[in-house]
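Next up: the structures, one after another.
Each of the next two complexes has subunit A plus one other chain: subunit B in the first, subunit C in the second.
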Partner chain A sequence: MSEAHEPAIAVKDLRFSYGEIEAVKGISFEVMPGEILGFLGPNGAGKSTTIKMLIGLLPPQGGTATVLGTDVALDDPGLQARIGVCFEEKNLYLNMTARENLEFFAALYGVKDADVEGALRRVGLADRANDRVKTFSKGMRQRMMIARAFINRPDVLFLDEPTDGLDPVTAAAIRATIKEEAERGAAVLLTTHDMFEADELSDRVAFMNEGRIVALDTPENLKLKHGTRAVRVRLRDKEGVREEVLPLGDGEATARLAELAASPDLLTIHTEEATLEQIFIALTGRGLAG
Partner chain B sequence: MSPRLVTTILKKDFSLGPRSAVFLWALVLPLAITLILQVAFGSLFQPKPRLGVVDEGGSQVARDVRAMEGIRVREYEDAEALRAAVEANDVDAGIVLPRGFDEAVKAGERPELTFWISGESYASNRIVLAVTTIDLLRALEGKEPPVEVRVQSIGEAGLPISVRLVPVIVFYALVMAGLFVPGSSLVEEKEQGTLKALLVTPARTADVLLAKWLLGIVLASVMSVVTLVLNSALGSNWPEVLVVVFVAAMLSSALGVVIGAFAPDSQTMFGIVKGSGILLFAPVAFYVFPDWPQWIAKLFPLYWIIEPIWRVAVLGGHLSEVLTELAVALGITAALGVLAWSLGKRMQVQVAAR
Partner chain C sequence: MKRTVSRAAIIRALLRKELVSYARDTVYLALTLAVLIAAPLLFRAMPDRVEEDLVLAVSPPVDRLLEGSAEALRALGASEADVARIREADLAKQEGLLLVEFDDEVKMRQAIDGTLQVWRTRDGKLAFVDTAAGEKRPKGTKRVDVQVGVAFPERFLADLALGKRGLAVTVYTHASAPPELRQAVTSFVREAAFEVAGEALPVQFPDEKDVVVGVDRLGDQVSLREKMRPMLLFVVLMMETFSMASLVSTEVLERTVTAVLVTPAKASDFIAAKTIFGTLVSFTQALIVLALIGGVTQENWSLMLAVLVMGAVMFTGIALLVGAAGKDFMGQLFYAMLFTVPMLIPAFAALFPGSVAPWVRILPTFPIIDVLVKATVYGGGWRESAGSLAYAAVWLAVLYGAGVVALKRKVASL
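Take a look at the complex of A and B:
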């Protein structure tokens, strides 16, 4: 594993075009070991192309990108042995059992004595180890994808929509597993459309739009920078329920908030913090789903 | 390129093989065609005549009959055991050659020879065995036959159709196992997205292509040899047959890899094979119809693998007679290898773009 003070992923002015179409227009970012970077953006923003360059599927056409200190343009198989990838498409060998799938990929990675049972147990598939993957549900296949991405105990993880199609309980379990991997020291580049997931998992998030990174910071900083510093107070009165919005940092409003807090009619107090989606819309003028 | 990764992918393909319809079809089709043609044109269900022999004194007759390829000889300890075998139809006929039999015949003593025939044996087998035995006895006696036999061949001269069809069957084995299996395996990896999963491991496109090529070579070699054995065409110079079969498997598998690397999906792949079917299969027609101008067959690439098999395996020739054909086949294989390499690069871009 790379030293903690050196970035696991370092991208500088990275570019890629499909013919005339510029998909990635000179982006730069870093991911440190143990850090989870959420990569957010609508379809066609350039997220997938960026990841394809970082995992060695596409050669960068401009700029530089290093993963674990190795230039991805060198196409070094030794680098691939240290990364784990979870694609959005469930590209598993359907006619192989869960165990055979993991054993095969462990062999490709050169992992001796791979803990296949442990990997399956971690994603809740230990009891289906000897069943062919084609008999698995969509959610089970997704869990297999996660197990496969972790089988070589990678130093860098690229996860594309890792909880897509999972029920809330399983999705929470997978998120916990991703956090464990980061705590172990793996750098994680997470692509997701799920703002709550990005918010919950990411140490930092990068907003990508039309081939460019338009914002890159911690979720808290983005919310502080782009959200409204105010609280919304709901009170009971004679006509039912009414709301008051009080800006923070304002002397009068602070006094009013203290008064309401002591009132027996107070129902709830909420911060007026912006969501990541609202920030993205504010920055780009378009939604994340588009 | 890594031998470890190539072996790992190859092992996976072999373990997945029995679960794949194309793989199983490649194994079954040549065998099915062999059975159908053997039934239609004879030989598989027409076993050789079986002669039981009790040779008490080392008779010349026993030695001669053992040397005959067309007769299957079984030895018995005594006359009682032989008789039981004939009664049970374990052999079609049986003879007991007592000690001193040859000397008695040569001395003109006309010794008695018991010739048992199984009641359940084919009439044709009885006749073959009886005539053969009489011929051998005459040879032992040193006398010419009492008549001059003039043999006249009636009907079309040349090899029987069952022999001329052998290249067709072997060709099926080569195309199905050598071309279809690696080609469809590669296309399936693309369609299921597993190729993308492979290419983000330490495996490279070259490792994948090489593994598929080896898969086709092994399967095509095995299936071709099995087909030749079933058609009694492996012969005594089998090491030389194995060489020509191996070269043929290399070329057909390289063609399969090229088609697999080029085709983005199964539909396109089968379209290519269908579209180029006439080019692929044309050379074998010249073995079935020997009156056609044979030089035309040389225009087709796969002629250069079928001709060595025909001459070495079916006609019993030697490698020295087909060196030119083998060299051309290896040249075509090398050219296909270069093409596969180039298509492999294009394939990686296609896979990444999906």
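Take a look at the complex of A and C:
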């Protein structure tokens, strides 16, 4: 593992074009060991191309990118052995069992004593270890993808929509697993369309649009920067339900909030901070899903 | 912590995966088993000897023709020399002729149209089976296919020897018999009649040995079974193209190759494993079939192994090309047919040597089948096959190189 004070992923002015189309236009960012960076943006923003360069599937055409201190352009197998990738498409060997899939990838990574049972138990598939993957449901295949990404205890994880297709309970379990990996010291680059997931997991988020990073900060800072420091209070009155918006940090408003909080007519209190989706729309003029 | 993994370990892991994927696919397995079972069965079903004799039905039997003619000739004052000359012309003793004799013309016609079957025992005796009467084939006999017959008048030879003109002889041929056969029999009867009548044909034939070009295989002709051996080996090698192409395209279409390439494995490892596995599977099957159908001798074993390995690698190269080209199952099938059907054409050269157009020699698989034919049929060795092997090596390099480039490009585009 790289030293804790050195970035696990360091990208500087990275560029890539498909012919005339400039997919990545000189982006720069860093991910520290143990940090989870949410990588957000609509389809076609350049996220996948960036990740392909970082995992060695595409050679950068400009700028530099190092993972664990190694230039990704060197195509170093030693580096590949230390990363884990969870693709959005569930590219598992369907005719092989869950155990065979993990043993195969462990062998490719050079892991001699891979804890296949433990990996399967971690994603709730221990009892299906000897079943062929083609008999698995979409959610089970997704869990297999996670188990495969973790099989070599990677120092850097690239996770593309890791909870896609999972029920809320399983998704929560997978998120907990991702957090454990980060706590262990792995740097995580997380791509997701799920704003709740990005918000819950990410230490920082990077918004990418049209090949550029348009914002990069912690979710809290982004919300503060782009949202309103206020609370919206809903009350029952004679005419039905009414709302009041009270700015935070204001003496009068604080007193009024205390008064309303004690009132039997109080229904709900919500903060007025912006969601990541709203921030992205504000920055780019379009939604994340598009 | 830096973790290292050797290329050999990676290729071993990839080969294990190939084996599991191959063994778990029922289509591949069924195809492999079908080839392993069908090839030897087809080989055994082919005739193992060439029917060199012309089967000729004749009525009445030759003895009766001769007996009547000898008495008649003596009664008419013919000398013993004339009688001896007729006996010397005994049709039944003509080389290359199997004479099937019938007491009457009706039975002979039935034999030609198939209602009366003719069977021959190993010691050459003939048996007649009337299928309409429910008679059964005698054991240990082989069917004699009677396609042509000649009906002579009872006193034909006597009248002929005495110089009588206008004798009527009827030649019967089956509807499926080639017209050349009828012509040949007519000529044969005419020639025999000339002999009996004491009028030699006004032409001379040189000694047979002087006009045989190449290896004289008189009495040792190549049977259809022998001709099938190289063709079957070739088809076994070729059939694996479909399975291998499917294994490659499945990895491309399902993007499993991408998952492999983000590990320490490289595209070259992936292709090397596919090549080794495809070649081994193809070569092993060819060896099994070869063991079952024979054809390896102390003289040709090394040549056979070499040409089978070359063929296996060549078809693996084609499989890489087809697997990379097909965008889906139908696309893969299309490319598989596009590449393999022309490759099959030279195999027919082994079955029908005279019918192959010169352009067939240009096809990549021609030198492979050529060496197989030379080694298994004509006892050829390295010296006789050197040219074809060199030509095959060039095509092998081209096809395998094209397969590797196509697959690398495909993988890079995913």
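Brief remarks on what is shown
Following the convention adopted for this analysis, the second predicted complex is superposed on the first by the 288 of 290 C-alpha atoms of A that agree within 3 Å, B and C clash if a C-alpha of one lies under 4 Å from a C-alpha of the other, contacts with A are read in each partner's own complex, and residues count from 1 in each chain.
In this section, a residue touches a chain if its C-beta (ideal position, glycine included) is under 8 Å from a C-beta of that chain, and two chains touch if they have at least 3 such contacts.
Nothing here was measured: the structure is a model prediction, and the numbers come from that model.
Superposition note: with subunit A as the common reference, subunit B and subunit C are in steric clash. Residue contacts after overlaying the shared chain place A:69 against neither subunit B nor subunit C. With both structures placed on the common chain, the touch criterion links A:111 to subunit C but leaves subunit B unconnected.
Once the two complexes are overlaid on the shared chain, A:78 sits against subunit B and subunit C alike. In the superposition on chain A, contact of A:18 is made with subunit B only, not with subunit C.
With chain A used to align the two structures, subunit C clashes with subunit B at 314-322, while the other stretches in 98-106, 134-142 or 314-322 stay clear. Residue overlap on subunit A between the subunit B contacts of one complex and the subunit C contacts of the other covers 55-57, 75, 77-78, 80-81, 83, 85, 87, 89, 91-96, 100, 104-105, 107-110, 148.
Subunit C contributes residues 1-5, 9-10, 12-14, 16-17, 20-21, 24-25, 254-256, 258-266, 414 to its touches with subunit A in the complex. The part of subunit B that touches subunit A in the complex is made up of residues 2, 4-5, 8-9, 12, 15-16, 19-20, 192-194, 196-204, 348-349, 351-354. Taken together, the subunit A residues at the contact with subunit C in this complex read 1, 55-57, 75, 77-78, 80-83, 85, 87, 89, 91-96, 100, 104-105, 107-111, 132, 148, 152. Of all residues in subunit A, only 18, 52, 55-58, 75, 77-78, 80-81, 83, 85, 87, 89-96, 100, 104-105, 107-110, 148 touch subunit B in the complex they form.
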